[in-house]
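Multiple structures are listed underneath, in C-alpha coordinates.
Note that subunit A is present in both complexes that follow, paired respectively with subunit B and with subunit C.
Our next item is the complex of A and B:
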(Lines of atoms letter the chains of each structure in order from A and count residues from 1; the text may use other names and numbers.)
(Lines give C-alpha, C1' and ligand atoms only; values in the text may rest on other atoms or scores of the structure.)
Protein backbone atom coordinates (compact mmCIF):
# COMPACT_ATOMS: atom_id res chain seq x y z
CA UNK A 1 0.00 0.00 0.00
CA UNK A 2 2.82 2.35 0.94
CA UNK A 3 4.56 1.58 -2.36
CA UNK A 4 1.33 2.31 -4.26
CA UNK A 5 0.91 5.67 -2.55
CA UNK A 6 4.51 6.54 -3.31
CA UNK A 7 4.06 5.68 -6.99
CA UNK A 8 0.92 7.77 -7.24
CA UNK A 9 2.68 10.70 -5.61
CA UNK A 10 5.59 10.32 -8.00
CA UNK A 11 3.21 10.29 -10.94
CA UNK A 12 1.50 13.41 -9.65
CA UNK A 13 4.87 15.01 -9.13
CA UNK A 14 5.85 14.27 -12.71
CA UNK A 15 2.65 15.81 -13.97
CA UNK A 16 3.30 18.92 -11.94
CA UNK A 17 6.98 19.14 -12.85
CA UNK A 18 6.32 22.27 -14.85
CA UNK A 19 4.36 24.73 -12.84
CA UNK A 20 4.21 28.44 -12.40
CA UNK A 21 2.40 30.16 -9.58
CA UNK A 22 -0.95 30.69 -11.19
CA UNK A 23 -3.14 32.37 -8.66
CA UNK A 24 -5.63 34.53 -10.47
CA UNK A 25 -4.79 38.06 -9.47
CA UNK A 26 -5.85 41.30 -11.08
CA UNK A 27 -3.45 42.58 -13.73
CA UNK A 28 -2.79 45.73 -11.72
CA UNK A 29 -1.97 43.67 -8.64
CA UNK A 30 1.01 42.10 -10.36
CA UNK A 31 2.10 44.45 -13.13
CA UNK A 32 2.92 48.16 -13.34
CA UNK A 33 1.20 49.93 -16.23
CA UNK A 34 3.62 52.82 -15.66
CA UNK A 35 6.53 50.55 -16.55
CA UNK A 36 6.15 49.39 -20.14
CA UNK A 37 9.06 47.26 -21.32
CA UNK A 38 10.36 46.20 -24.71
CA UNK A 39 12.44 43.05 -24.40
CA UNK A 40 14.69 41.91 -27.24
CA UNK A 41 16.51 38.69 -26.61
CA UNK A 42 16.52 34.95 -27.07
CA UNK A 43 14.00 32.35 -26.03
CA UNK A 44 15.22 29.92 -23.39
CA UNK A 45 11.93 28.14 -22.70
CA UNK A 46 8.25 28.29 -23.55
CA UNK A 47 5.43 26.71 -21.57
CA UNK A 48 2.27 26.27 -23.60
CA UNK A 49 -0.08 25.63 -20.69
CA UNK A 50 -3.35 26.80 -19.17
CA UNK A 51 -4.37 29.16 -17.83
CA UNK A 52 -1.44 31.26 -19.12
CA UNK A 53 1.54 30.56 -21.27
CA UNK A 54 5.04 31.48 -20.13
CA UNK A 55 7.92 32.79 -22.21
CA UNK A 56 11.36 32.59 -20.68
CA UNK A 57 13.90 34.77 -22.40
CA UNK A 58 17.34 36.24 -21.88
CA UNK A 59 18.17 39.85 -22.65
CA UNK A 60 21.55 41.50 -22.60
CA UNK A 61 21.80 44.46 -20.26
CA UNK A 62 23.79 47.60 -21.14
CA UNK A 63 26.57 46.47 -18.79
CA UNK A 64 26.87 43.18 -20.67
CA UNK A 65 25.17 41.00 -18.09
CA UNK A 66 22.32 38.70 -19.05
CA UNK A 67 18.90 39.15 -17.49
CA UNK A 68 16.56 36.15 -17.28
CA UNK A 69 12.97 37.24 -17.89
CA UNK A 70 9.73 35.39 -17.27
CA UNK A 71 6.86 36.70 -19.37
CA UNK A 72 3.23 35.76 -18.77
CA UNK A 73 1.06 35.46 -21.85
CA UNK A 74 -2.61 34.87 -22.45
CA UNK A 75 -3.99 31.35 -22.57
CA UNK A 76 -2.65 29.09 -25.33
CA UNK A 77 -6.06 28.61 -26.94
CA UNK A 78 -6.44 32.37 -27.30
CA UNK A 79 -2.99 32.64 -28.87
CA UNK A 80 -3.81 29.77 -31.23
CA UNK A 81 -6.91 31.59 -32.45
CA UNK A 82 -4.70 34.58 -33.26
CA UNK A 83 -2.47 32.37 -35.39
CA UNK A 84 0.37 31.71 -32.97
CA UNK A 85 1.33 28.06 -32.59
CA UNK A 86 3.49 26.26 -30.09
CA UNK A 87 5.62 25.12 -33.02
CA UNK A 88 6.51 28.77 -33.68
CA UNK A 89 8.77 28.58 -30.63
CA UNK A 90 12.29 27.17 -30.73
CA UNK A 91 14.60 27.74 -27.82
CA UNK A 92 17.49 29.99 -28.77
CA UNK A 93 15.39 31.90 -31.31
CA UNK A 94 15.49 35.71 -31.22
CA UNK A 95 12.24 37.40 -30.29
CA UNK A 96 10.87 40.70 -29.10
CA UNK A 97 8.21 41.11 -26.45
CA UNK A 98 6.45 44.29 -25.45
CA UNK A 99 4.61 44.36 -22.15
CA UNK A 100 4.59 45.62 -18.61
CA UNK A 101 7.07 44.95 -15.85
CA UNK A 102 6.15 43.15 -12.67
CA UNK A 103 5.65 45.15 -9.49
CA UNK A 104 7.51 42.83 -7.14
CA UNK A 105 9.75 40.91 -9.53
CA UNK A 106 11.72 43.18 -11.84
CA UNK A 107 12.51 40.26 -14.18
CA UNK A 108 8.86 39.38 -14.57
CA UNK A 109 6.55 40.89 -17.16
CA UNK A 110 3.13 40.56 -18.68
CA UNK A 111 3.46 40.28 -22.43
CA UNK A 112 1.21 42.26 -24.73
CA UNK A 113 2.86 41.89 -28.14
CA UNK A 114 5.21 39.24 -29.49
CA UNK A 115 7.24 39.87 -32.63
CA UNK A 116 9.01 36.94 -34.30
CA UNK A 117 12.03 37.24 -36.59
CA UNK A 118 9.92 36.52 -39.67
CA UNK A 119 8.06 39.75 -38.96
CA UNK A 120 4.85 38.24 -37.66
CA UNK A 121 3.38 40.04 -34.70
CA UNK A 122 0.87 38.60 -32.23
CA UNK A 123 -1.20 39.98 -29.40
CA UNK A 124 -0.40 37.83 -26.37
CA UNK A 125 -2.04 39.94 -23.66
CA UNK A 126 -4.10 38.57 -20.81
CA UNK A 127 -7.61 39.58 -19.83
CA UNK A 128 -7.74 42.67 -17.65
CA UNK A 129 -4.70 44.43 -19.05
CA UNK A 130 -4.59 48.14 -19.84
CA UNK A 131 -6.49 49.54 -22.77
CA UNK A 132 -3.29 50.33 -24.70
CA UNK A 133 -4.42 49.28 -28.17
CA UNK A 134 -2.06 46.28 -28.26
CA UNK A 135 -4.99 44.04 -29.11
CA UNK A 136 -5.95 46.06 -32.20
CA UNK B 1 -9.99 29.23 -2.67
CA UNK B 2 -6.25 29.27 -1.92
CA UNK B 3 -6.17 25.92 -0.15
CA UNK B 4 -8.65 23.78 -2.05
CA UNK B 5 -9.63 25.12 -5.46
CA UNK B 6 -6.43 26.84 -6.58
CA UNK B 7 -3.96 23.98 -6.06
CA UNK B 8 -6.36 21.44 -7.52
CA UNK B 9 -7.26 23.44 -10.60
CA UNK B 10 -3.56 24.12 -11.16
CA UNK B 11 -2.99 20.38 -11.16
CA UNK B 12 -5.75 19.91 -13.76
CA UNK B 13 -4.36 22.70 -15.94
CA UNK B 14 -0.77 21.54 -15.69
CA UNK B 15 -1.55 17.92 -16.42
CA UNK B 16 -1.64 18.71 -20.13
CA UNK B 17 0.47 21.14 -22.12
CA UNK B 18 3.69 21.53 -24.03
CA UNK B 19 7.14 22.80 -23.24
CA UNK B 20 9.82 24.09 -25.55
CA UNK B 21 13.16 23.49 -23.92
CA UNK B 22 16.50 21.81 -24.53
CA UNK B 23 16.07 22.03 -28.29
CA UNK B 24 12.77 20.21 -28.50
CA UNK B 25 9.03 20.54 -28.08
CA UNK B 26 7.64 18.11 -25.53
CA UNK B 27 3.95 17.43 -25.10
CA UNK B 28 2.83 16.49 -21.62
CA UNK B 29 -0.26 14.46 -20.71
CA UNK B 30 -1.30 11.80 -18.23
CA UNK B 31 -0.16 8.39 -19.39
CA UNK B 32 -1.04 5.68 -16.93
CA UNK B 33 -4.49 4.98 -15.56
CA UNK B 34 -3.35 6.20 -12.16
CA UNK B 35 -2.17 9.48 -13.75
CA UNK B 36 -5.65 10.05 -15.17
CA UNK B 37 -7.23 9.05 -11.86
CA UNK B 38 -5.11 11.63 -10.07
CA UNK B 39 -6.18 14.38 -12.47
CA UNK B 40 -9.80 13.28 -12.12
CA UNK B 41 -9.55 13.47 -8.35
CA UNK B 42 -8.37 17.08 -8.55
CA UNK B 43 -11.04 18.02 -11.09
CA UNK B 44 -13.67 16.58 -8.76
CA UNK B 45 -12.24 18.51 -5.82
CA UNK B 46 -12.78 21.75 -7.76
CA UNK B 47 -16.23 20.71 -8.91
CA UNK B 48 -17.36 19.69 -5.43
CA UNK B 49 -15.74 22.73 -3.82
CA UNK B 50 -18.28 24.79 -5.74
CA UNK B 51 -20.88 23.38 -3.33
CA UNK B 52 -18.92 24.83 -0.42
CA UNK B 53 -19.02 28.24 -2.08
CA UNK B 54 -22.81 28.11 -1.94
CA UNK B 55 -22.87 27.82 1.85
CA UNK B 56 -24.68 30.83 3.25
CA UNK B 57 -22.55 33.29 5.26
CA UNK B 58 -19.40 31.26 4.71
CA UNK B 59 -16.36 33.53 5.29
CA UNK B 60 -14.39 34.19 2.11
CA UNK B 61 -11.11 34.27 4.07
CA UNK B 62 -9.88 33.83 7.65
CA UNK B 63 -10.92 36.67 9.99
CA UNK B 64 -8.65 39.70 9.62
CA UNK B 65 -7.12 38.57 6.36
CA UNK B 66 -6.05 41.62 4.36
CA UNK B 67 -6.46 42.46 0.70
CA UNK B 68 -3.58 40.85 -1.15
CA UNK B 69 -3.29 43.94 -3.32
CA UNK B 70 -4.75 46.96 -1.51
CA UNK B 71 -6.44 49.42 -3.81
CA UNK B 72 -6.74 46.83 -6.54
CA UNK B 73 -8.19 43.70 -4.96
CA UNK B 74 -10.95 43.96 -2.35
CA UNK B 75 -10.69 42.89 1.28
CA UNK B 76 -12.53 39.72 2.35
CA UNK B 77 -15.13 41.93 4.04
CA UNK B 78 -15.70 43.92 0.84
CA UNK B 79 -15.99 40.70 -1.15
CA UNK B 80 -18.51 39.33 1.36
CA UNK B 81 -20.50 42.56 1.05
CA UNK B 82 -20.60 42.28 -2.74
CA UNK B 83 -21.75 38.66 -2.49
CA UNK B 84 -24.49 39.63 -0.05
CA UNK B 85 -25.66 42.40 -2.38
CA UNK B 86 -25.68 40.12 -5.39
CA UNK B 87 -26.39 36.54 -4.26
CA UNK B 88 -27.92 35.59 -7.59
CA UNK B 89 -24.79 36.72 -9.40
CA UNK B 90 -22.62 34.79 -6.97
CA UNK B 91 -24.71 31.65 -7.34
CA UNK B 92 -24.60 32.01 -11.12
CA UNK B 93 -20.81 32.11 -11.19
CA UNK B 94 -20.51 29.23 -8.74
CA UNK B 95 -22.75 27.15 -10.99
CA UNK B 96 -20.63 28.26 -13.96
CA UNK B 97 -17.56 26.98 -12.15
CA UNK B 98 -19.12 23.59 -11.58
CA UNK B 99 -20.39 23.45 -15.16
CA UNK B 100 -16.97 24.40 -16.52
CA UNK B 101 -15.53 21.24 -14.97
CA UNK B 102 -17.92 18.96 -16.84
CA UNK B 103 -16.03 19.06 -20.18
CA UNK B 104 -12.79 18.51 -18.29
CA UNK B 105 -14.19 15.51 -16.45
CA UNK B 106 -15.58 14.10 -19.70
CA UNK B 107 -12.17 14.54 -21.31
CA UNK B 108 -10.49 12.83 -18.37
CA UNK B 109 -12.92 9.92 -18.51
CA UNK B 110 -12.21 9.58 -22.24
CA UNK B 111 -8.45 9.95 -21.57
CA UNK B 112 -8.45 12.67 -24.24
CA UNK B 113 -5.55 15.02 -23.51
CA UNK B 114 -6.42 17.53 -26.24
CA UNK B 115 -10.01 17.82 -25.02
CA UNK B 116 -8.77 18.33 -21.48
CA UNK B 117 -6.39 21.01 -22.72
CA UNK B 118 -9.23 22.74 -24.57
CA UNK B 119 -11.48 22.51 -21.51
CA UNK B 120 -8.89 24.41 -19.51
CA UNK B 121 -9.73 27.69 -21.21
CA UNK B 122 -13.40 27.48 -20.17
CA UNK B 123 -12.41 26.95 -16.55
CA UNK B 124 -10.06 29.94 -16.68
CA UNK B 125 -12.70 32.17 -18.25
CA UNK B 126 -15.18 31.19 -15.55
CA UNK B 127 -12.68 31.99 -12.81
CA UNK B 128 -11.83 35.33 -14.36
CA UNK B 129 -15.47 36.35 -14.85
CA UNK B 130 -16.25 35.75 -11.18
CA UNK B 131 -13.02 37.32 -9.90
CA UNK B 132 -13.56 40.46 -11.95
CA UNK B 133 -17.05 40.78 -10.50
CA UNK B 134 -16.43 40.02 -6.85
CA UNK B 135 -12.65 40.24 -6.21
CA UNK B 136 -11.24 43.07 -8.29
CA UNK B 137 -14.10 44.96 -10.01
CA UNK B 138 -12.23 48.27 -9.71
CA UNK B 139 -9.26 46.90 -11.60
CA UNK B 140 -11.48 45.76 -14.43
CA UNK B 141 -13.26 49.10 -14.59
CA UNK B 142 -9.94 50.95 -14.79
CA UNK B 143 -8.67 48.83 -17.65
CA UNK B 144 -11.58 49.69 -19.90
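Our next item is the complex of A and C:
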Protein backbone atom coordinates (compact mmCIF):
# COMPACT_ATOMS: atom_id res chain seq x y z
CA UNK A 1 0.00 0.00 0.00
CA UNK A 2 2.82 2.40 0.90
CA UNK A 3 4.40 1.58 -2.42
CA UNK A 4 1.18 2.46 -4.24
CA UNK A 5 0.83 5.77 -2.41
CA UNK A 6 4.42 6.62 -3.28
CA UNK A 7 3.76 5.82 -6.95
CA UNK A 8 0.63 7.95 -7.08
CA UNK A 9 2.41 10.86 -5.36
CA UNK A 10 5.35 10.57 -7.77
CA UNK A 11 3.00 10.64 -10.76
CA UNK A 12 1.18 13.67 -9.33
CA UNK A 13 4.49 15.42 -8.73
CA UNK A 14 5.64 14.76 -12.29
CA UNK A 15 2.36 16.20 -13.61
CA UNK A 16 2.81 19.33 -11.50
CA UNK A 17 6.35 19.79 -12.84
CA UNK A 18 5.08 19.57 -16.43
CA UNK A 19 2.33 22.06 -15.57
CA UNK A 20 4.87 24.50 -14.13
CA UNK A 21 7.11 24.31 -17.19
CA UNK A 22 4.18 25.00 -19.50
CA UNK A 23 2.54 27.72 -17.44
CA UNK A 24 3.52 30.31 -20.05
CA UNK A 25 3.29 28.02 -22.99
CA UNK A 26 0.63 29.91 -24.90
CA UNK A 27 3.00 32.75 -25.77
CA UNK A 28 6.29 30.84 -26.06
CA UNK A 29 4.75 28.11 -28.22
CA UNK A 30 4.00 30.49 -31.05
CA UNK A 31 5.88 33.75 -30.59
CA UNK A 32 9.51 34.80 -30.30
CA UNK A 33 10.24 37.22 -27.47
CA UNK A 34 13.57 38.04 -29.16
CA UNK A 35 11.74 39.44 -32.21
CA UNK A 36 9.83 42.56 -31.16
CA UNK A 37 8.10 44.33 -34.05
CA UNK A 38 6.44 47.70 -34.54
CA UNK A 39 3.94 47.61 -37.38
CA UNK A 40 2.54 50.75 -38.96
CA UNK A 41 -0.04 50.25 -41.66
CA UNK A 42 -3.70 50.04 -42.49
CA UNK A 43 -6.34 47.79 -41.03
CA UNK A 44 -7.84 45.39 -43.55
CA UNK A 45 -10.07 43.55 -41.08
CA UNK A 46 -10.59 43.08 -37.36
CA UNK A 47 -12.10 39.94 -35.87
CA UNK A 48 -13.47 40.85 -32.44
CA UNK A 49 -13.83 37.22 -31.32
CA UNK A 50 -13.19 34.79 -28.48
CA UNK A 51 -10.95 33.39 -27.23
CA UNK A 52 -8.54 35.79 -29.00
CA UNK A 53 -9.19 38.54 -31.48
CA UNK A 54 -7.33 39.09 -34.75
CA UNK A 55 -6.09 42.24 -36.44
CA UNK A 56 -5.40 41.86 -40.15
CA UNK A 57 -3.26 44.71 -41.41
CA UNK A 58 -1.07 45.67 -44.36
CA UNK A 59 2.35 47.26 -43.99
CA UNK A 60 4.69 48.63 -46.64
CA UNK A 61 8.08 46.96 -46.74
CA UNK A 62 11.19 49.06 -47.47
CA UNK A 63 11.27 47.58 -50.99
CA UNK A 64 7.73 48.81 -51.66
CA UNK A 65 5.95 45.47 -51.40
CA UNK A 66 2.93 45.06 -49.16
CA UNK A 67 3.06 42.59 -46.29
CA UNK A 68 -0.18 41.12 -44.94
CA UNK A 69 0.08 40.70 -41.17
CA UNK A 70 -2.07 38.65 -38.85
CA UNK A 71 -1.86 39.96 -35.31
CA UNK A 72 -3.31 38.08 -32.36
CA UNK A 73 -4.98 40.20 -29.67
CA UNK A 74 -6.59 39.37 -26.34
CA UNK A 75 -10.30 38.49 -26.22
CA UNK A 76 -13.31 40.84 -26.25
CA UNK A 77 -13.57 40.78 -22.46
CA UNK A 78 -9.96 41.87 -21.85
CA UNK A 79 -10.03 44.49 -24.61
CA UNK A 80 -13.32 45.92 -23.31
CA UNK A 81 -11.84 46.29 -19.85
CA UNK A 82 -8.96 48.29 -21.37
CA UNK A 83 -11.50 50.63 -22.92
CA UNK A 84 -11.45 49.35 -26.49
CA UNK A 85 -14.67 48.81 -28.45
CA UNK A 86 -15.40 46.75 -31.52
CA UNK A 87 -16.42 49.99 -33.24
CA UNK A 88 -12.92 51.45 -32.68
CA UNK A 89 -11.84 49.29 -35.59
CA UNK A 90 -12.81 50.56 -39.03
CA UNK A 91 -11.56 48.77 -42.12
CA UNK A 92 -8.96 50.85 -43.94
CA UNK A 93 -7.97 53.01 -40.98
CA UNK A 94 -4.29 53.60 -40.21
CA UNK A 95 -2.96 52.03 -37.00
CA UNK A 96 0.20 51.05 -35.22
CA UNK A 97 0.74 47.75 -33.42
CA UNK A 98 3.67 46.76 -31.25
CA UNK A 99 4.22 43.10 -30.52
CA UNK A 100 6.32 40.02 -31.11
CA UNK A 101 6.79 38.08 -34.30
CA UNK A 102 5.74 34.46 -34.73
CA UNK A 103 8.30 31.67 -34.59
CA UNK A 104 7.23 29.95 -37.80
CA UNK A 105 5.10 32.45 -39.68
CA UNK A 106 6.99 35.69 -40.47
CA UNK A 107 3.75 37.64 -41.07
CA UNK A 108 2.23 36.56 -37.78
CA UNK A 109 2.58 38.50 -34.54
CA UNK A 110 1.34 38.68 -30.99
CA UNK A 111 0.00 42.16 -30.37
CA UNK A 112 0.98 43.99 -27.16
CA UNK A 113 0.17 47.66 -27.71
CA UNK A 114 -2.27 49.25 -30.15
CA UNK A 115 -1.91 52.94 -31.00
CA UNK A 116 -4.77 54.67 -32.80
CA UNK A 117 -4.44 57.84 -34.91
CA UNK A 118 -6.17 59.92 -32.23
CA UNK A 119 -3.23 59.11 -29.97
CA UNK A 120 -5.03 56.66 -27.70
CA UNK A 121 -2.99 53.61 -26.84
CA UNK A 122 -4.27 50.26 -25.55
CA UNK A 123 -2.80 47.08 -24.14
CA UNK A 124 -4.00 44.21 -26.35
CA UNK A 125 -1.70 41.45 -25.08
CA UNK A 126 -2.83 38.26 -23.42
CA UNK A 127 -1.79 36.52 -20.23
CA UNK A 128 1.54 34.73 -20.43
CA UNK A 129 3.42 37.23 -22.55
CA UNK A 130 6.83 38.66 -21.64
CA UNK A 131 7.10 41.11 -18.76
CA UNK A 132 7.80 44.10 -21.02
CA UNK A 133 5.64 46.67 -19.25
CA UNK A 134 3.16 46.91 -22.16
CA UNK A 135 0.30 46.17 -19.76
CA UNK A 136 1.11 49.09 -17.45
CA UNK B 1 -19.10 14.47 -51.95
CA UNK B 2 -20.77 17.75 -50.96
CA UNK B 3 -18.69 19.80 -48.53
CA UNK B 4 -19.90 20.49 -45.03
CA UNK B 5 -18.21 23.93 -45.11
CA UNK B 6 -21.24 25.93 -46.43
CA UNK B 7 -23.35 24.54 -43.58
CA UNK B 8 -20.67 25.51 -41.05
CA UNK B 9 -20.43 28.99 -42.60
CA UNK B 10 -24.18 29.35 -42.24
CA UNK B 11 -23.97 28.28 -38.58
CA UNK B 12 -21.12 30.72 -37.94
CA UNK B 13 -23.09 33.57 -39.52
CA UNK B 14 -26.18 33.20 -37.31
CA UNK B 15 -26.96 36.10 -34.98
CA UNK B 16 -26.73 34.10 -31.75
CA UNK B 17 -23.49 32.26 -32.58
CA UNK B 18 -21.90 35.58 -33.61
CA UNK B 19 -23.14 37.22 -30.41
CA UNK B 20 -21.53 34.55 -28.19
CA UNK B 21 -18.33 34.53 -30.26
CA UNK B 22 -17.96 38.31 -29.79
CA UNK B 23 -19.27 38.47 -26.23
CA UNK B 24 -17.34 39.75 -23.23
CA UNK B 25 -19.09 37.39 -20.80
CA UNK B 26 -21.03 34.70 -22.64
CA UNK B 27 -18.01 32.91 -24.02
CA UNK B 28 -15.89 32.96 -20.82
CA UNK B 29 -18.89 31.62 -18.86
CA UNK B 30 -19.54 28.90 -21.43
CA UNK B 31 -15.89 27.85 -21.52
CA UNK B 32 -15.59 27.85 -17.73
CA UNK B 33 -18.73 25.69 -17.44
CA UNK B 34 -17.28 23.31 -20.04
CA UNK B 35 -13.99 22.90 -18.17
CA UNK B 36 -15.61 22.73 -14.71
CA UNK B 37 -17.98 19.93 -15.74
CA UNK B 38 -15.13 18.05 -17.43
CA UNK B 39 -13.13 18.26 -14.21
CA UNK B 40 -16.05 16.84 -12.21
CA UNK B 41 -16.66 14.07 -14.76
CA UNK B 42 -13.02 13.09 -15.18
CA UNK B 43 -12.32 13.09 -11.44
CA UNK B 44 -15.19 10.68 -10.82
CA UNK B 45 -14.23 8.46 -13.76
CA UNK B 46 -10.63 8.33 -12.51
CA UNK B 47 -11.78 7.09 -9.08
CA UNK B 48 -13.77 4.28 -10.73
CA UNK B 49 -10.79 3.40 -12.95
CA UNK B 50 -8.38 3.37 -10.00
CA UNK B 51 -10.68 0.83 -8.30
CA UNK B 52 -10.62 -1.32 -11.43
CA UNK B 53 -6.84 -1.27 -11.77
CA UNK B 54 -6.53 -1.98 -8.04
CA UNK B 55 -5.08 1.29 -6.74
CA UNK B 56 -8.02 2.80 -4.83
CA UNK B 57 -10.95 1.55 -2.69
CA UNK B 58 -9.68 -2.00 -3.16
CA UNK B 59 -11.62 -3.36 -0.15
CA UNK B 60 -14.95 -1.83 -1.12
CA UNK B 61 -17.21 -3.85 -3.43
CA UNK B 62 -16.71 -2.75 -7.03
CA UNK B 63 -20.43 -2.62 -7.87
CA UNK B 64 -21.14 -0.38 -4.90
CA UNK B 65 -18.53 2.13 -6.03
CA UNK B 66 -19.92 2.00 -9.55
CA UNK B 67 -23.52 2.51 -8.34
CA UNK B 68 -22.55 5.50 -6.22
CA UNK B 69 -20.30 7.20 -8.76
CA UNK B 70 -22.29 6.62 -11.95
CA UNK B 71 -25.08 9.23 -11.44
CA UNK B 72 -22.48 11.86 -10.55
CA UNK B 73 -20.38 10.94 -13.56
CA UNK B 74 -23.44 11.53 -15.74
CA UNK B 75 -24.07 14.82 -13.92
CA UNK B 76 -20.65 15.83 -15.24
CA UNK B 77 -20.90 14.25 -18.69
CA UNK B 78 -24.23 15.81 -19.70
CA UNK B 79 -23.31 19.49 -19.10
CA UNK B 80 -19.76 19.03 -20.43
CA UNK B 81 -21.12 17.55 -23.68
CA UNK B 82 -23.86 20.19 -23.95
CA UNK B 83 -21.41 23.08 -23.44
CA UNK B 84 -18.97 21.38 -25.83
CA UNK B 85 -21.63 21.22 -28.56
CA UNK B 86 -22.44 24.90 -27.97
CA UNK B 87 -18.77 25.84 -28.25
CA UNK B 88 -18.65 23.95 -31.58
CA UNK B 89 -21.71 25.84 -32.80
CA UNK B 90 -20.35 29.31 -32.10
CA UNK B 91 -17.06 28.80 -33.98
CA UNK B 92 -17.60 25.77 -36.25
CA UNK B 93 -14.99 26.53 -38.94
CA UNK B 94 -12.25 27.00 -36.37
CA UNK B 95 -12.82 23.49 -35.01
CA UNK B 96 -13.40 21.98 -38.44
CA UNK B 97 -9.90 23.11 -39.42
CA UNK B 98 -8.21 22.11 -36.16
CA UNK B 99 -6.48 18.72 -36.13
CA UNK B 100 -6.60 18.42 -32.32
CA UNK B 101 -10.38 18.82 -32.43
CA UNK B 102 -10.69 15.73 -34.63
CA UNK B 103 -8.16 13.82 -32.51
CA UNK B 104 -10.24 14.71 -29.47
CA UNK B 105 -13.47 13.53 -31.12
CA UNK B 106 -11.90 10.17 -32.05
CA UNK B 107 -10.46 9.70 -28.53
CA UNK B 108 -13.78 10.72 -26.96
CA UNK B 109 -15.58 8.14 -29.09
CA UNK B 110 -13.06 5.41 -28.22
CA UNK B 111 -13.28 6.25 -24.50
CA UNK B 112 -17.07 6.11 -24.76
CA UNK B 113 -17.01 2.75 -26.56
CA UNK B 114 -14.62 1.36 -23.93
CA UNK B 115 -17.01 2.45 -21.16
CA UNK B 116 -20.00 1.06 -23.07
CA UNK B 117 -18.30 -2.31 -23.66
CA UNK B 118 -17.42 -2.50 -19.97
CA UNK B 119 -20.97 -1.75 -18.84
CA UNK B 120 -22.65 -4.07 -21.35
CA UNK B 121 -20.31 -7.05 -21.03
CA UNK B 122 -17.71 -7.10 -18.25
CA UNK B 123 -19.79 -5.36 -15.59
CA UNK B 124 -22.68 -7.82 -16.11
CA UNK B 125 -20.59 -10.53 -14.46
CA UNK B 126 -19.32 -8.29 -11.71
CA UNK B 127 -20.84 -10.31 -8.81
CA UNK B 128 -18.19 -12.99 -9.25
CA UNK B 129 -15.30 -10.68 -8.42
CA UNK B 130 -17.14 -7.86 -6.71
CA UNK B 131 -15.45 -8.16 -3.30
CA UNK B 132 -12.09 -9.07 -4.76
CA UNK B 133 -9.47 -6.30 -4.59
CA UNK B 134 -8.12 -7.68 -7.85
CA UNK B 135 -10.87 -7.65 -10.45
CA UNK B 136 -10.72 -9.81 -13.59
CA UNK B 137 -8.08 -9.02 -16.17
CA UNK B 138 -10.72 -7.74 -18.62
CA UNK B 139 -12.09 -5.29 -16.07
CA UNK B 140 -8.59 -4.22 -15.04
CA UNK B 141 -7.75 -3.59 -18.68
CA UNK B 142 -10.98 -1.60 -19.15
CA UNK B 143 -9.93 0.62 -16.21
CA UNK B 144 -6.42 1.17 -17.56
CA UNK B 145 -7.68 1.88 -21.09
CA UNK B 146 -10.24 4.31 -19.65
CA UNK B 147 -7.54 6.20 -17.72
CA UNK B 148 -5.40 6.55 -20.85
CA UNK B 149 -8.22 7.44 -23.26
CA UNK B 150 -9.96 10.04 -21.08
CA UNK B 151 -6.61 11.67 -20.22
CA UNK B 152 -5.69 11.79 -23.91
CA UNK B 153 -9.13 13.21 -24.74
CA UNK B 154 -8.65 16.06 -22.26
CA UNK B 155 -5.07 16.74 -23.37
CA UNK B 156 -6.03 16.93 -27.05
CA UNK B 157 -8.98 19.14 -26.08
CA UNK B 158 -6.60 21.55 -24.38
CA UNK B 159 -4.34 21.53 -27.45
CA UNK B 160 -7.19 22.82 -29.66
CA UNK B 161 -6.12 26.27 -28.39
CA UNK B 162 -2.81 26.07 -30.27
CA UNK B 163 -2.54 26.92 -33.96
CA UNK B 164 0.36 24.57 -34.63
CA UNK B 165 -1.05 23.08 -37.81
CA UNK B 166 -2.87 26.07 -39.26
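In this text, the second predicted complex is superposed on the first by the 111 of 136 C-alpha atoms of A that agree within 3 Å, B and C clash if a C-alpha of one lies under 4 Å from a C-alpha of the other, contacts with A are read in each partner's own complex, and residues count from 1 in each chain.
Assume contacts are C-beta pairs under 8 Å (C-beta built on N, C-alpha and C of every residue); 3 or more make two chains touch, one makes a residue touch a chain.
All values reported here derive from a predicted model rather than from experimental measurement.
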Touching partner for A:117 - first (subunit B), second (subunit C), both, neither: neither
Partner chain(s) touched by A:46 [first = subunit B, second = subunit C, both, neither]: first
Contacts of A:130 with subunit B and subunit C, given as first, second, both or neither: first
Greater residue coverage of subunit A in the superposed arrangement, subunit B or subunit C: B
Partner chain in contact with A:27 - subunit B first, subunit C second, else both or neither: first
First, second, both or neither for A:89, with subunit B first and subunit C second: first
Touching partner for A:65 - first (subunit B), second (subunit C), both, neither: neither
First (subunit B), second (subunit C), both or neither touched by A:75: both
Subunit A residues contacted in one complex by subunit B, in the other by subunit C: 8, 26, 29-30, 48-51, 75-77, 86
Parts of subunit B lying in touch with subunit A, wherever the complex brings them together: 2, 6, 10-11, 13-23, 25, 28, 30, 32, 34-35, 38-39, 68-69, 72-73, 117-118, 120-121, 123-124, 127-128, 131-132, 135-136, 139-140, 142-144
Interface residues, subunit A side, partner subunit C - complex: 4, 8, 26, 29-30, 48-51, 75-77, 80, 86
In the complex with subunit A, residue positions of subunit C that touch it: 20-25, 27-28, 31, 55, 91, 161-164
Residues of subunit A defined as touching subunit B within the complex: 7-8, 11-12, 15-16, 18-19, 22-30, 43-51, 75-78, 86-87, 89-92, 127-131
